[in-house]
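Two complexes are shown next, each including subunit A; its partner changes from subunit B in the first to subunit C in the second.
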Partner chain A sequence: MSASEPALVSAPAVAPALAPPARRVGLLAATAAIMRKEMRVELRTLESVPGMALFAVSTFVVFHFALNRTSVSGSLAAGILWVTLLFAAMLAVNRLFVADAEQGGFDALLLAPVDRSALLLAKAGSLLVYLVALEVVALPAFALLLLGTSLGPGLGELIGVVALADVGLAVIGTFVAALAVRTRARDLIGPLIALPLLVPIAIGASRGTAPLLAAHAGTVQVRWLLLLGLYDLVFGLIAYAVFDFLLED
Partner chain B sequence: MAVQEQAPPALVLEGVVRRYGEREALAGVSLTLRAGQTLAVLGGNGAGKTTLLRLLGTLLRPHAGRLTVLGSRLPAESWAVRGRIGMLSHEPLLYRELTSRENLLFHARLHGVREPRVDEMLAAVGMARRAQEPVKTLSRGMVQRVAIARTLLHEPELLLLDEPRANLDPAAGELVEELIGPGSDPARPRTRVLVSHDPRAGIAEADLVLGLRAGVPVLLAPAAAVDAEQVMELYR
Partner chain C sequence: MNARGLRALSIATVASIAAGLAMVFFYAPEEASQGFLQKIFYVHVPLAIVCLCGFMAGGLMAIQHLRSGESRWDLRSYVAIHMSLIFGVGVLISGSIWAEGSWGHWWVWSSPTLVSFLIIFLLYATYQPLRFSIEDPERQARYASVFAIAAGAFVPLSYTAVQMSSSYVHPRVLGPTYDNLPGSMMLTFLVMLVGFSLLFVSLWKLEIAAKQARWQLRSLRRRLTDEPERPRRRSAAPSLEAPMPRSGPALPQPATSTAALAAGGERAIGAGAGAGAGAGATAQRQIA
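On to the complex of A and B.
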């Protein structure tokens, strides 16, 4: 029998509904489920956070000896801190979707009755957790190896700058990781796309942090906080708007 | 297999085309499959069988033609059928570092399925005793059992099965037969699309047979009218 067999090939133009639509899982429930899975996989494999922390501490050690100074301060210190954190973050960005791409997590999510934004939220949330874990190790190491003092009175403001920069890093990192993961050269493509997009974060964070790390500690200029906040917001909205399309075939 | 003439169509394909670059992986597939029926998709490597399954599972978009699954037009109404499809593909869709139970719990949460169902399915596929072991430590047959549990966890209406008995020993084959076989749920028979490299077995449990060669549908007929020898031509 050929493919044009009339009895079986003919089809009604509109098929009647067969059953009620599938139950839909809420955005928060799906986000929590994915994030829980992410944390569990990371705790079991330790693929991201230890590598990031080790990279950051090693980089500070190299700077410590390469600069041949007892301590650094101001914009130089801020630059060293943020460039190191940025590159350390790239390690996690490159791995963010690898398990999903290689083990079918994408397909599982696309087959489930959940809003795909849940994946964006969960991955960005997970990356944020990794960054915080990185900074818990990296900031004291930075102070010890390169500041020669404790982070001191500016610590509260520093945490504010770090938090705003982390949100931007997490959103942009997730967005770029989703773009790069389906390419063959994802380890190269990820940083190549992410680093230019992260320049405003690097500028805002470095300029915002510099006075806090100066020999005579000052305060953060509000404009740098605004720049970071605005950039977080704009990229958050862009990522939310286009993330669905990144997952589409 | 009894053809349920009165049942509504579960799948309607009209001239469905899917390309990868310049190459047509599926070239104008048209068929109607009624609810509760089984379609066997046969063909050699690269015939387009997996592409067809991924189209039906909303994982790929057709480049031409009309595709209606469970009453919803794809890809526009994909959201309406997600969660009503169970897909068993070459990839088990399980995270290797997680245990079988953790994997099924993750899928249960994504499908809004309650936790007791996870244990029920693990027991059904004979994996309850090894439910706490990471998937990476299990044999391929065991992984396939867990993948079958994942596929059925949310009680899908449409099953897309790509070599479902691959890697299973005869005992496990019988076990899963009760779960995914044609008579697995007489009260609510599932519609099934079955990709098989065993033409005789595929025809035996099908209502309708689609034969593909290089993406082109070269055979479409009721299973009762198909001769296994005729189908073997597809593999030459």
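On to the complex of A and C.
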């Protein structure tokens, strides 16, 4: 240890002469770098997405037996779909920051000369990717196992509602995950805080998708898209404003 | 001291609530369709308004805490949310009684105001568990403030969302049809609103004063008996040890007292550590 200390002390003294002035990495570049890291970790460990997808499919089976129905439609179908997706998302939210908190990822980010919002953006982006991957599995499984009608006619609108709801889920999930990860009971605190915050998303998403899953497919009412979009925007701004304070250690 | 003005405030509270209750029972006319039952409106709605304002005030105090870093703002925010939670229980109980009386059910999902209140209440019910499960007092205060800000902004958002989602069957005594209240009912309602607001502020000040008095007593006792500081018990309440020296003209502490020296030393060490960390970060940046 003592041998390396002089080097550390003298480094700043010589650095300005030799190295170019410290360069701040841009927000987008940092975000992209962290997201690449996230994706690589997920691809190597496969600890979030397969679990979420399996959980969603199992939940559909449980709903089949609990409701004693072979097919559902309309608002019941929308409710089952969104409750399942919300709870499956909780699985990813619970472990979103665990590796960073336990293995020094937070410290590394604080030492790096990058904007801390990069972590929020990258984590929300990763969670969004996980959710899309989950839905690529869960929506066909839902259509196959439970849905009485065909997804075909309203597919475009369904994708629109799902995308808006996913953005909200990703933002709120990331915010809550960062809030809960340093607590002793994070597996409990996270979902407890997240579920009330996600009620507006649940309202907008399930009311929006209900007519698409009905026997006589209707169209999405614009106000649900508006509700989802506004909520995404407002909560995105709130999370952006306060996220830095969760990292100040 | 925070207890200043508490006596006058308490007297005003008692007077306005007594006057309000007298007006409720003897001055305000009975409502035509609901009769005597409608009187609960004068308790339920002011309680709900004060409670929601308390939640949002907690969020504003939390913003102040994050901006200034002074833990007295954390204490204020904590007490405001704590009081609002207690008021919230009152809102839910009085709302249930009203719903049972006028619709025959203890809980009515078709009332957007009641439903969004429940969602907000459930969210804030996690405030104390969140605080309790973070041990480091500084981090506890910071995370609680972040939660209080997000939740405070969530209050109007959830109202809008739930209002949008439901058909309007709630007897809208307040809101868009605010001005169709007869003058005498409106006056009674306003007196009750003032009364409950004063009640909230007095209880808020009382709890802050009580917490500060307890901490002062504890530190004085420690100084007298020279017993070593016991490790802090895990608690959801904010720690008051940091703001004590900052609370202005609270206690004329002799400069020679060990406690003052220790506090000063601690602050100096804290500042030194902060400066060290800053220098370290700069060095790191230069290396990078």
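Methods note: the second predicted complex is superposed on the first by the 225 of 249 C-alpha atoms of A that agree within 3 Å, B and C clash if a C-alpha of one lies under 4 Å from a C-alpha of the other, contacts with A are read in each partner's own complex, and residues count from 1 in each chain.
Just so it is clear, contacts are C-beta pairs under 8 Å (C-beta built on N, C-alpha and C of every residue); 3 or more make two chains touch, one makes a residue touch a chain.
Nothing here was measured: the structure is a model prediction, and the numbers come from that model.
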- State whether A:Arg44 touches subunit B only (first), subunit C only (second), both chains, or neither. first
- Message: I'd like to know which partner A:Arg69 touches here: subunit B for first, subunit C for second, both or neither.
- Response: neither
- Task: For A:Ala185, select first, second, both or neither according to whether it touches subunit B, subunit C, the two together, or no partner.
- Result: second
- Message: Once chain A of both complexes is superposed, is A:Ala29 in touch with subunit B (first), subunit C (second), both, or neither?
- Response: first
- Message: Looking at A:Leu227 after the superposition, I want to know if it touches subunit B, subunit C, both of them or none. Which is it: first, second, both, neither?
- Response: second
- Message: Which partner chains sit in contact with A:Glu248 here, subunit B, subunit C, both or neither? Use first/second/both/neither.
- Response: both
- Item | On subunit A, the residue positions that both subunit B and subunit C contact, one per complex | 11-12, 15-16, 19, 22-23, 110-113, 248-249
- Query: Touching subunit B in the complex: which residues of subunit A?
  - Reply: 1-3, 5, 8-12, 14-19, 21-25, 29-30, 32-34, 36-37, 40-41, 44-45, 99, 103-105, 107-114, 248-249
- Query: Which of the residues in subunit C end up touching subunit A in this complex?
  - Reply: 66, 119-120, 122-123, 126, 129-130, 133-135, 139, 142-143, 145-147, 149-150, 153-154, 157-158, 160-162, 164-165, 281-288
- Note on the structure: subunit A partner, complex, touching residues on subunit B are 8-10, 12-14, 28-32, 35, 57-61, 68, 70-72, 79-85, 87, 89, 91-98, 102, 106-107, 109-112, 134, 154, 157, 208, 216-222, 225-226
- Task: Would you mind writing out the residues of subunit A in touch with subunit C in their complex?
- Result: 11-12, 15-16, 19, 22-23, 110-113, 175, 179-180, 182-186, 188-189, 192-193, 195-197, 199-200, 203-204, 207, 223, 227, 231, 234-235, 238-239, 241-242, 245-246, 248-249
